[in-house]
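Same chain, two partners: subunit A is paired with subunit B first, then with subunit C.
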Partner chain A sequence: MSPLVYYLFTLAFFVFAYCILGWGLNLQFGHGGILNFAYIGFVAIGAYVTGALSLGKPSGGQSYIFGFSLPFPVGLILGGLAACVFALLVSVLTFRRLRTDYLAMVLISLSLVLYDFINNFVPLFGGADGLTNVPEPFADALGLDTNTFVPFFAGVSLLVALLMWWVMSRITNSPFGRTLRASRDDDEATAALGKNVFKFRLISMLIGSFYAGVGGGLIVEFAGAFNTSAWLPGETFLIFAAVIVGGVGNNKGMILGALIVPVLFTQLPKFIPDIPGHPGLILNIAAMAIGVLLMLVLWFRPQGVIPEKKRLSKLPPLSERHRSTGAISAQLTTEETL
Partner chain B sequence: MSELFLAIGFGLVVASVLALSAVGLSLQFGITNYINFAFGDFMAIGAYTSWTLNTGPLHVNIWVAMLIGGLLVGVMAVLLNRFLLAPFARRFQKLFYILIVTFGLSLVLLNLVSSIWGDEVQRYNISNQAPQHIGPFLFTVDQLVVIGIAIVAMLAIHFMLTRTRIGKSMRAMSDNSTLAMTSGINTGFITTLTWFLSGLLAGIGGTVLGITQASITPGSGETFLFVIFAAVIVGGVGSIYGAMVGAVIVGLATEVAALFIDPSYKLDIAFAILILALLFRPSGLFSRPGKA
Partner chain C sequence: MTAPDLGGAPTAISVDSALSCVDIHKSFGGAKAVNGATFSVPKGSITALIGPNGAGKTTVVNILSGSLSSDSGRVMMGDTDITALPSYQRARLGLIRTFQLSRELGGLTVFENLMVAAKVQPGESLMNVYLRPGLVRQAEKESRERAASILEQYGLYDLRDNWARELSGGQKRLLEISRAVMAEPSLLLLDEPMAGVNPALIDRIGGHIHELKAAGVTVLMVEHNLGVVEKICDHVIVLAEGRTLATGLMSELRENTDVVRAYLGGVLDGRVDR
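What follows is the complex of A and B.
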């Protein structure tokens, strides 16, 4: 297989993985209005747990917990659930007490502390060295080598992504999704209608974290290794940028966002040769470009490339059903967008 | 016992660095009512500017370099507010737009710093000093100067807020900016001035952080930012005096705790304090109505 095709499959994999990550954050932030600045931490937990469960007993100077050699989807699902459990802990401690900005402060701190802790506490997930030689799923059973594994696993990830897209659109189109968006736009009014805003946010946080964990798990199984350099707290911003560029509160836009931001701005620049004497300059410039791109999108097109669609009621407007109370217009059946 | 005093001594040094930065963050929060997530990178820019002045061909004295770096960051903060943050804050009612913009700004500035100055660990050109015994404590001259700078700055801010017209206008604006505006306070000028002071303190804080940690990296300001958050939340967000007290509590607690646990988990102690504060006094020690 030519290097170009191999490379395209690698990029395709990252699009699928970032779609999953983006949908999770989109549920929390786009639909729920939770500024989860620790999102990459949940991705990392999913990746570490999936990796450590899929690996065998630690050997050769590696150290990590678990090591159960679990087969493919089991480790991935448990990784997602681990991220969920962590999210439950965090949400119960913080959601009731804090308004948006305090919550963001606490979450960004959490992200840094988690990073610092996993980096220092070697017995947990190998410290700064992280996990290496994570088995490639099905590679032994199907006799895949490095060349054939990449397209194969890109296909597997596509299936996982499609499944998760379907589930996510069911969630966001359900009454649950509607209430969540209502609480994003005006939490007091939603609470006044008898909805338990805390519960809705908690559930969106849990589902979103499951997506984060599964996305992280796919990445560790694809790359075969994971360490702290892969999830610097700034990575969270990358996923935020993808969600905002693609379109907040919009699952389809996310695919475009995953194509534009993580792939075009971070995976591609990794293959541009370094400018002699300035190692890492290209990646620095790419990161700055993402920041600038995000600000431009927020200013000129805050609804994103593909805007969140106004979800209108299928019923005829109230004014046509009850001519006498025509003053209450169709506005009541539309949802305010951002 | 002597170890405990050593830890308390260094805790006071950390508290001084924290107080400078936490007050800088709080001043700006009080006026604009949103957190500046790029504050840690403001600190890094101050630290590197004074590093260039200090170790470059100019060989500026470190304390003069610190001041110049601070002034520069102050001007930068004013410009960033004028041309980036203020327009966003005016245009979008929802808080999370402006928070994401400052978060994005932090990414841009962090990468700007590392592309200008590189990722290697740098040090200031300051002579090694033998620590001196002062009572039961042990301080180097530089550490004493840092504590002195913090005390002078805190007193200056206290007198500014309580005795001068500008300081009173700031407090008025932070209580109720619409009312302040209708009372004839020039809110635009006060906002600009506050951003300048916040940047100045960030720049100075970044340099003294580099001096006390004996190293500067592009990310050190960002990592320290969350220790600042801990101090600010313990004290009560937006409260200047709360930030000062929070700085002392967090600074002492992290250094004293390092006696009992592996010092590489110092950050986790700051986070534990943050969580405890949220559990038992979420509005902080010096909470003000309407700000929690």
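What follows is the complex of A and C.
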């Protein structure tokens, strides 16, 4: 396979993975108004758990928990569920007491603590070395080599993404999604209408974290390795940028956000050769460009590139409405005669 | 200031009250916002809660609705003690409130603002969304019809697909009231429903409040305009410095004008006698 095709499939994979990550964060932040600044931590938990479950017993100086050699979809789903469990702990401890802005601060500190913990507690997930040699799903069974695995797994990720898109759009188009957005706009007023705002936020947090975990799981199975350099807490802002660029509360816009921000600004530059004498400069320029883009979008199009779409009532115009209901038109004529 | 006993000041809760509170206290830091408010709202009445700015009316409404917890005192709905219930559970019992400053759900359309308020929503459970889509669709259909007719009644039908945040001040008032109606209240707390609204609309809102009463809803409304109070309310509660100064029928209050005026100064001055 030519390097270019290989590279395009790699990019395609990251678009699908970031779509999943973006939809999860969009449910929490775009629909639920939860500023989950620890989002990347949930991605990491999904990645580590999926990786450690797919790997066999630790050997050759590696150390990590699990090591059950679980087959592909099982490790991925359990990775998602692990992120969910973590989200449940965090939410139960913080949601009832904290306003969203304080919650954001707690979450950002939490992601730093989690980062340091995983980085330094080697027996858990290998510390700074992380997990390596995570088996490539189906590679043995289908006899895939490095060249064929990449397009194959990009295809698998597309299927996973399509499934998760369907599940998510059912959620966001449902009365559940509507009430969740109501609580985002005004939690007190929503509670005054009889809604248990805590419950709606909790569920959106759990489902969003499942998406984070599955996205992380896909990344570890694709890359075969995962360590703390892959999820610096700042990466959360990358996904936020993708959500904000694509449009808050907009699942379709998210695809554009996943294309523009993470892929264009962090994956693409990795393939651009370094400027001689300035190692890492390209990546730093990309990071700056994300910041600038985020500011430009917030300044010129605060609703995102593709704004939240209006969910129209599809009710007929008033005149038609009356024609269809006899009782009301009768009442109208009496009013007219008066 | 010590409030005089006006004779009408209640000490016990009458049996046919829809909502009552006993000895409510609330301080913010050192400042006492509510200082022993005790009153009851007769079932089926339109009761006005009046008093000068800063008297604690909004704070009382917040405590009645559960948006705020009181430092001490009890809140009863009929003969159920609801003091410990969070606001969403009070709302489910039929106690619905509006806010002094309109609290539209800005990122939703006008229509969605009403749909959110519907009481029976199987689609709020994701289990039903995936496993019983027919049930969800049926409930949505019924809510749509109700929302449409309420929007029409409140003159908001043509604005149904506008973002709620884009409405004018008066339209937001109407939206807030119609959303409360959508929630099927048995008891409605309105915090200055007519503030900042033009006179024609005031009459219209007054008409709607009467319709609600006719439909069996008990209404407690905070209102500064005594002309409006005289016209549409049958009971009055006067609050001053966080205390119940007087309660009773509108006609009784009028006889107490001198006393009330002495304590309320500018608020009632020259208006009650009209």
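We take it that the second predicted complex is superposed on the first by the 315 of 338 C-alpha atoms of A that agree within 3 Å, B and C clash if a C-alpha of one lies under 4 Å from a C-alpha of the other, contacts with A are read in each partner's own complex, and residues count from 1 in each chain.
Criterion: a residue touches a chain if its C-beta (ideal position, glycine included) is under 8 Å from a C-beta of that chain, and two chains touch if they have at least 3 such contacts.
Keep in mind the model is a prediction, meaning the values are calculated, not measured.
Q: Is it subunit B or subunit C that touches the larger share of residues in subunit A?
A: B
Q: Of the two partner chains, subunit B (first) and subunit C (second), which one does A:I171 touch, if any: first, second, both, or neither?
A: Only subunit C is touched by A:I171; subunit B is not.
Q: Could you say whether A:F240 touches subunit B, subunit C, both of them, or neither, answering first, second, both or neither?
A: first
Q: Once the shared chain is lined up, is A:L35 touching subunit B (first), subunit C (second), both, or neither of them?
A: A:L35 contacts subunit B only, not subunit C.
Q: In the overlay, answer first, second, both or neither for which of subunit B and subunit C A:T100 touches.
A: It touches subunit B, and subunit C stays clear.
Q: Once chain A of both complexes is superposed, is A:R201 in touch with subunit B (first), subunit C (second), both, or neither?
A: So A:R201 meets neither subunit B nor subunit C here.
Q: Name the contact category of A:G249: first (subunit B only), second (subunit C only), both, or neither.
A: So A:G249 only meets subunit C here.
Q: Looking at the overlay, what does A:S109 touch: subunit B (first), subunit C (second), both, or neither?
A: First partner only.
Q: Just to be sure I follow: which residues of subunit A are touched by subunit B in one complex and then by subunit C in the other one?
A: none
Q: Give the list of subunit A residues in touch with subunit B in this complex.
A: 29, 33, 35, 37, 93-94, 97-98, 100-102, 104-106, 108-110, 112-113, 116-117, 120, 233-234, 237, 240-241, 244, 278, 280-281, 284-285, 287-288, 290-292, 294-295, 298-299, 302, 338
Q: Going by the contact rule at the top, pick out the subunit C residues touching subunit A in the complex.
A: Residues of subunit C touching subunit A: 65, 67, 86-89, 91-92, 96-97, 99, 103-109, 111-113, 115-117, 119, 121-126, 129-130, 136, 140, 144, 148, 152, 157-158, 160-161, 163, 179, 183.
Q: Flag every residue of subunit B that touches subunit A in the complex, lowest number first.
A: It is residues 34-35, 37, 84, 87-88, 91-92, 94-97, 99-101, 103-105, 107-108, 110-112, 114-115, 119, 222-223, 225-226, 229-230, 233, 237, 262, 264-265, 267-268, 271, 274-275, 278-279, 282 of subunit B that touch subunit A.
Q: Note which residues of subunit A are touching subunit C in the complex, please.
A: Listed in rising order, the residues are 170-171, 174-176, 178-179, 181-182, 184-186, 188-197, 200, 203, 249, 308, 310-313, 315, 318, 321.
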